[in-house]
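So that you can tell them apart, the chains are marked A, B, C, D and E in the order they are listed, and the count of residues begins at 1 in each.
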Amino acid sequence: MILLSSFLLKPINAIFGNKKGRGYFIAGLVIVSIVVLMAIFAPFIAPYNPTAITMDTFSPPCWKHIMGTNRLGQDVFSRIVWGSRIILYVVLLASSLSMVIGIPSGLISGYYGGKLDRILSMVMDSIYAFPALILAIVIAVVLGPSPINAAVAIAFVYVPTYFRMVRGQTLSLKSQLFVEAAKAIGARNREIMFKYILPNLIPTILVVFSLSVADAILTEAGLSFLGLSVTPPTPDWGYDLRVGQAFFLDGYWWLAFFPGLMIMLLAMAFALIGEALNERMTSR
Amino acid sequence: AQNNKVQNKTPVENLQKSNAIVIGVTDKVTDLDPANAYDAFTWEILENTMVGLVKYKPGTLKIEPALAESWEVKNNSTVWIFHLRKGLKFSDGTPLTAKNVVWSIERVMRLKGDPSWLVTDFVKKVVAENNTTVVFYLKHPTSYFLALLTTPPYYPVNPKYNPNKIDSDQTAGGAGPYKIIKFIRGQEIVLEANPYYFGMKPKTKKIIIKFYRDATTMRLALQNGEIDVAWRTLRPSDVLSLEKSNFNVVKVPGTYIRYLCFNVVKKPTSNVLVRKALAAAINRKEIAEMVYRGTVEPLYSLIPNGMWSHLDVFKKYGDGNVKLAQELLEKAGYSKNNPLHIQLWYTPTHYGDTEADLAQMIKTQWERTGMVKVTLKSAEWGTYVDYARKGQMQAYLLGWYPDYLDPDDYTTPFLSSTANSWVGTGFANKTVDTLLKKAQEIPNQNERAKIYEEVQKILADQVPYVPLVQGNLFIVTKPNVHGVVVGPDMVMEYSYLYKVS
Amino acid sequence: MSRGIVQYIILRALMIIPTVLVLYTIVFLFMRVLPGNPILAVVGTKNIPPEQMKHLMHIAGLDKPLYVQYFDYLWQLLHGNFGVTLAFPMGVPVSDYLKLRFPATLELTIWSFTISIIIGLITGTIGAIKKGTIVDTSMRLYSIIAYTLFIPWFGMILQYIFGVWLHVLPTSGRISPNVNLHTITGLYVLDSIITENWPALVSSVKHLILPSLTLGIVLSGAYTRIVRNNMVEVLNQDFIRAYKARGVKDWKITWYALKNAFIPIITLMGLQFAILLGGAILTETTFNWPGMGTFIIDRIEYRDYNAIQGTVVFFAFFVGLISLIVDLIYALLDPRVKY
Amino acid sequence: MELVQVRNLKTYFPVRIGIIDALKRKKLFVRAVDGVSFSIKRGEVFGLIGESGCGKTTLSRSVLRLIEPTEGEVIFNGINILKLNDEEMRKIRKSMQIIFQDPYSSLNPKMKIGEIIAHPLIIHGMDKKEAKEQVLQMLGKVGLTPEKEFYERYPHQLSGGQRQRVAIARAMVLNPEFVVADEAVSMIDVSMRASIIELLEEFRRMYNLSMLFVTHDIAIARLITNRTAVMYLGKIVELSETKTLIDNPLHPYSRALINAAPTISRKKDFKVKIKGEVPNAINPPEGCRLSNRCPFASEICKKEEPELVEVEKGHFVACHMT
Amino acid sequence: MLEVEDLTVYYYTSKGVVRAVEGVSFSISKREWITFVGESGSGKSTVAQAVIRLVPYPGKIQGGKILFNGKNILELNKKEMRKLRGREISMVFQDPMTSLDPLRKIGDQVVEAMTEHGVDEEEAKKRAIKLLKRVNIPEDRIDYYPHQLSGGQRQRVAIAIAAALEPSLIIADEPTTALDVIVQESIMELLQELKNSGTSIMFVTHDISLAFERSDRIAVMYAGKVCELGRSEELVSNPIHPYLKALLDSVPDVHSDKKVKAIPGNPPDLRNPPSGCRFHPRCPFASEICKKEEPELVELEKGHFVACHEVV
């Protein structure tokens, strides 16, 4: 961890110096790294098989099971550790998908304008204005519960976020003098888009990415809370929270508490990173 | 003790409360028209607000007169003649005659709603001889026709019901012990005693039924004092913990069964050895214990415990008999290195939250043989049923609520090759077909019992289905609520409920 | 001028149509591509003869080619008709459900919205005024934490604290079943005030507290953030310093700054409202609130095409309407807007 | 020998209107440039002065076809560039360049200085190594030394004056024949302006460049331009040798403009008062566009638009009163 | 009337302390127009803002005295300061586009400037109309919003507000930089009128020609310090400080054919200003002492102050 942090601090200092937002960034990064490491090294970290049904049910947190066990005698901590894989997988896949679609279409739409732009904007705005969770639920239900389908459903509702951001920025960058300068030296449209406009979008894309990942985590959790993301026994935070919620009132608080806490922490971590990047960008 | 706080709020609230009992349910009232209603809880509402020619004696399987005082059977059980009581009235005071009975039944036949087959499959014609006599002419001899008559499609409905259309929100009801005075979909239904009811006056004048989305909120509501009775369906764990904390828990054996289906046409479950092995690997006791927390009973046949002709035919495979399962799988050509790959399907919401746990449990049990690799799959109800009908699933979980209480309803729909297409196992067996047909026609119960026993043995040999558990019903009430009566048809009779203050 | 406004409203309202069309099309396409249908959900595991299945499919209109179904429904929509339910029960106008469920959602969202705006304005303004101090930092942390709270989890904790532990607030439903309320608008609080039914008022307000607090707090995070950032920006502007240079009182300056900062927030409010509706689904499930969210989830289980399409279209209309209202408020508040 | 000839050039911008007007298909235009003709000789610096919003920038961009003009001709080296297709236009851009007013937004913040200057060369077919060599030379010429160090820097690491030098280097590296400088010094700090002007002057001399020099500061126009045109609301109102124009302005607007310019060299004695401010270019006044502000305006001014006529040799004025 | 002694203002930025103004002293008497000139970043605005105690975050008035009619402004409490602002000293900002509240009618803003200082509503309204007339804004514009006015008109409204209570001092920080010359001319004239009617003007600009035209005295600032101060004709005809000389050489003039010469080098970074005389790295006459010792502002002739080792 010390090694890792010294390795990470260099670039952070390069970006943030001793500016504000650095603390947010580091806090966010630490949580995200922990969860990512958890996901990568799940087999080594998790003390038990997360799906094994045992007779040791409803054990409260203790040394043997630091987060207790659930109704089927599965170790909650092990499920949390393995569950990080699913949520990261779904959310990152979804965000990448929506970026892959949203960014180029926003760029082209904003740069060329015209009819295509108007139609695309209308479709994207319609989806954007609609409650994302509802749409994601409808899509996820129809496609059936699986991580990939959940990712598709989430990706679908986040495409407009990227599209709108990229389109808006493209429009404003398009009117910047350096783009006109590029035209004046005879650069082609493709060159202007990818050499002059896109690099300038990257900081904003990063911010939107972190914030929308934070959001997508909650959407994913919402889907899996409604049982639309994975099929058991695959460990999954949202689903475990939902099942655990039923036992909350019996005093088995650890079943739902820990998954919910993890969802919040992970979403918060990305939000912190996004906030820090945003602050860094706006305070020039 | 906590409840008192809420109860003793204002005198007005208290007064209202003693005259009314609030029941919480997680089911829905789908359709108040008996021509279309076809689910257990809606039938409960219909059976409390309407009544047929005959009914079950409360809490038993015995059929007793209701609107009809007496009846005769003729022509090898194909002609049934019923004599109505005099001076019958609907709950709004409209007189009820044989004509109303015929009109209602013909309406069901005409409208072709979901449960209409309960009439159309059996009744050729129904006639009102005079104001008090109704005659049924059946298509074929039906020994269990009285059981059919207890179901809502045979109930006379108020003439206010739309004659040509399904009338889902019609609250005019029939001639049962209660009438509906308020119905808000998804929120509540309020019943009030019917002053014109011919039978016993209800003990509590007003029944309010509140609908909950899930068991947890319903349970919270009970603990919070918002409802007096938590009825269908609390989670097993909720029942256990409520029992510990001062609530009354009433347990009633149910006639509701859960079972596993195999596709007998498609590989690998087309191999009977595989089916037998998987059946042997299942440990019902463990399921009842771990998944249902002891609130259900293991079931070893499709015909439920306690019904005549029931045989524990699946006991021969044992419970969690890993050894036998391994032997059978080896015989079928599988081994540890060449395991059987199988997909087990379930539907996540239709059978409640425990369904996923049930699937996980079965997966674990099968994999204990070391020779099976199970992939769990799930689909929402609408899709699940489609997959089932098309025979697209290998192994899948279903449940059965009886339409009428007769062994026939637990065998024919599953095993008769002409009647079981809905379930999608592809099971067809000539011997079974003839046996079932015969059992429908002969009136003698002992003779019929023998036939059903034979059928159950074939079932256990062929294993197209593996019966898992039989449900119990739990009603949790506040300590001051009494008079919970639930029949074997799993319908609660609200008129016996009462509260002491 | 006034004629201008009327024309603007009409034209702006017409712009809702494409939005509705887009969403209807998306949902229609997604729902039909995969197996399963509402009739099967109804029939379920019941032993129903094939002819009757066909008959039911015919009644539901599901035996027609897809494009016919698509345009049929569109045609119905044009007549203000959302179709009838196809499952449990069949044939009830979807609009009946909407009439019943929508006020519940509306009531929940209005309260949550109010709560979130109030919290957001207060925390955001405090943060901006105390920019750079520990107070500001804690407001910003509040904003992030609130924003990332997972509704069912947060709701559950509130339920536990106030419902089970302190036992002071009901944890589910809209009103106590023992209270009779004559509904007029479907908004219980409003109805009980109109009918002067005080027990109903107490009961409905009590039922509202936990769900709307849950949703309101979660959504306030976004407002805190944007109010703070806008306020910081506005407070940095020349005209604020100009006010100071004129000796205008501090509280007045804060008020003027807030007014200016509020303008971009209005736009956010429109979008926030959509998020609010999304959050309402989870809130409704957690608190057994009989609104649109729980309705659509119930209907999805049966794949009740018409009900789902109807709900989505209705939501799209509603969201469009909200954004229209937001635009109008914007135009009214900001003298710079031309229409 | 004329390098650039502009004939009756018009550039209109559609006005963004409310959706109501848009649906009524009511179309409004800003007539930013409304029929302008002039020509620039080889090696000449042609000045363009006028108040904010009078269309200077629009005109200069239209001449380079960075904005598509609505009407008119721009003849460069005998070719009407408004008729060229995309590819031909791209080629001809090599010989016509522009330097913008704002040194902060005219450089891509994500490119190194070296890349910024090299890109035009690479676009026009030079290989990277050769380009780098040229760029280093160019950096030296514009005074950004040490060259190697500046090559690797990013724009935000430079001061405004240095950035403008980069912009000049980018424009000059292609060896253009014609350069447009749009307020090239107005955002530079007072003490730095002189050096930038010197630099431009040097390039002009070395390469016999033609230049269109846009400014609102008459003092600067005097410093660098040979001839100057005064623009008002999209039209040229006066055009002449710069010195003649300043010493003997004929148009009332030019007079007001020149008189308003602050000066140290003499105390102002009289003022030609021009009331009010520039009206918007969507509905310019009828007749002479200055008629509503001009103290000398008579009836005819409100009706007829004056033509640009040569009153002395090389001195053109558009005014009924002179 | 106003005496500033040894004013020092620092900005505490995250990248270091910017010593924006250090040891600046000057005075303004009644009916006087004093202009501060200097290149960008020399601290002109900071001085101006300090006088009305509106140095923006993260700036802090580090030391010195600002005596207004004998009272030290820096020692006033919030309420007293508020009363002073607008009534005794008021300010006009650089950008007319942003210095008026876009959401309120200009009339209301003018009226408010008066009612906040105790003038009753009716009276204030009457005076507002007069004021607007005086700055050449037609009466009917009183209900306009700022965006409906042109830049020059807005700046005039800002001046009207500043002049509303007839303060003794109006600070105008580059009020014309964003405007065209013709409009600039009219604004300058307006300020001149105000001066003629008894108000002192503290004017800030970077345009030495503009400074020369109307001011009584000019203070030339370089890197946070005043390097030369005196009557305007005197300064232009007889500049003494090398910086002022260079500055005058570097600006072109409409009516002369003089060649311009750039000042070599770059303005210093005020986080880390040069030692000794801050101009020495760019000064052609700099000697050893200039690198070490800071020159004092001394009165060379009557009313002509210079801070330079070489000339003293």
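Note that a contact is a pair of C-beta atoms (placed from the backbone, for glycine too) under 8 Å apart; a residue touches a chain by one contact, two chains touch by 3 or more.
Nothing here was measured: the structure is a model prediction, and the numbers come from that model.
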item	value
Chains touching both chain C and chain D	A, E
Number of steps on the shortest touching-chain route linking chain B and chain D	2
Pair sharing more residue contacts (C-beta pairs) when C-E is set against B-C	B-C
Furthest chain, CA centroid comparison against chain E	B
Remotest chain, chain D as reference, centres from CA atoms	B
Chain A and chain E, separation of their C-alpha mean positions in angstrom	51
Separation of mean Cα positions, chain C and chain A [Å, integer]	23
For chain A paired with chain B, centre-to-centre distance based on mean C-alpha positions, whole Å	45
Centre-to-centre distance between chain E and chain D (centres being mean Cα positions), rounded to whole Å	32
Interface hub residues of chain B, defined as touching at least two other chains	214, 220, 223, 349, 379-380, 383
Of all residues in chain D, those that touch chain E in their complex	51-52, 159, 161, 189-195, 197-198, 216, 218-220, 222-223, 243, 246, 256-258, 260-268, 271, 274, 277-278
Parts of chain B lying in touch with chain C, wherever the complex brings them together	2, 5-6, 10, 12-13, 16-17, 20, 22, 28, 30-31, 33, 36-39, 112, 114-117, 121, 165-166, 168-169, 184-188, 208, 210-214, 217-218, 220-221, 223-224, 226-227, 349-350, 379-390, 398-400, 403, 413, 419-423
Complex interface listing, chain C residues touching chain B	34-38, 40-50, 52, 55-56, 87-92, 96-97, 100-101, 159, 163-164, 167, 170-174, 176-179, 199, 285, 287-288, 290, 294-295, 298, 300-303
Partner chain A, residues of chain D touching it in the complex	61, 64, 66, 89-91, 93-94, 97-98, 100-102, 105-111, 119-120, 123-124, 167, 170, 174
Residues on chain A engaged by chain C in the complex (per definition of touch)	122-123, 125-135, 137-139, 141-144, 214, 217-218, 221-222, 225-226, 241-242, 245, 248-249, 253, 256-257, 259-261, 263-264, 267-268, 271-272, 275
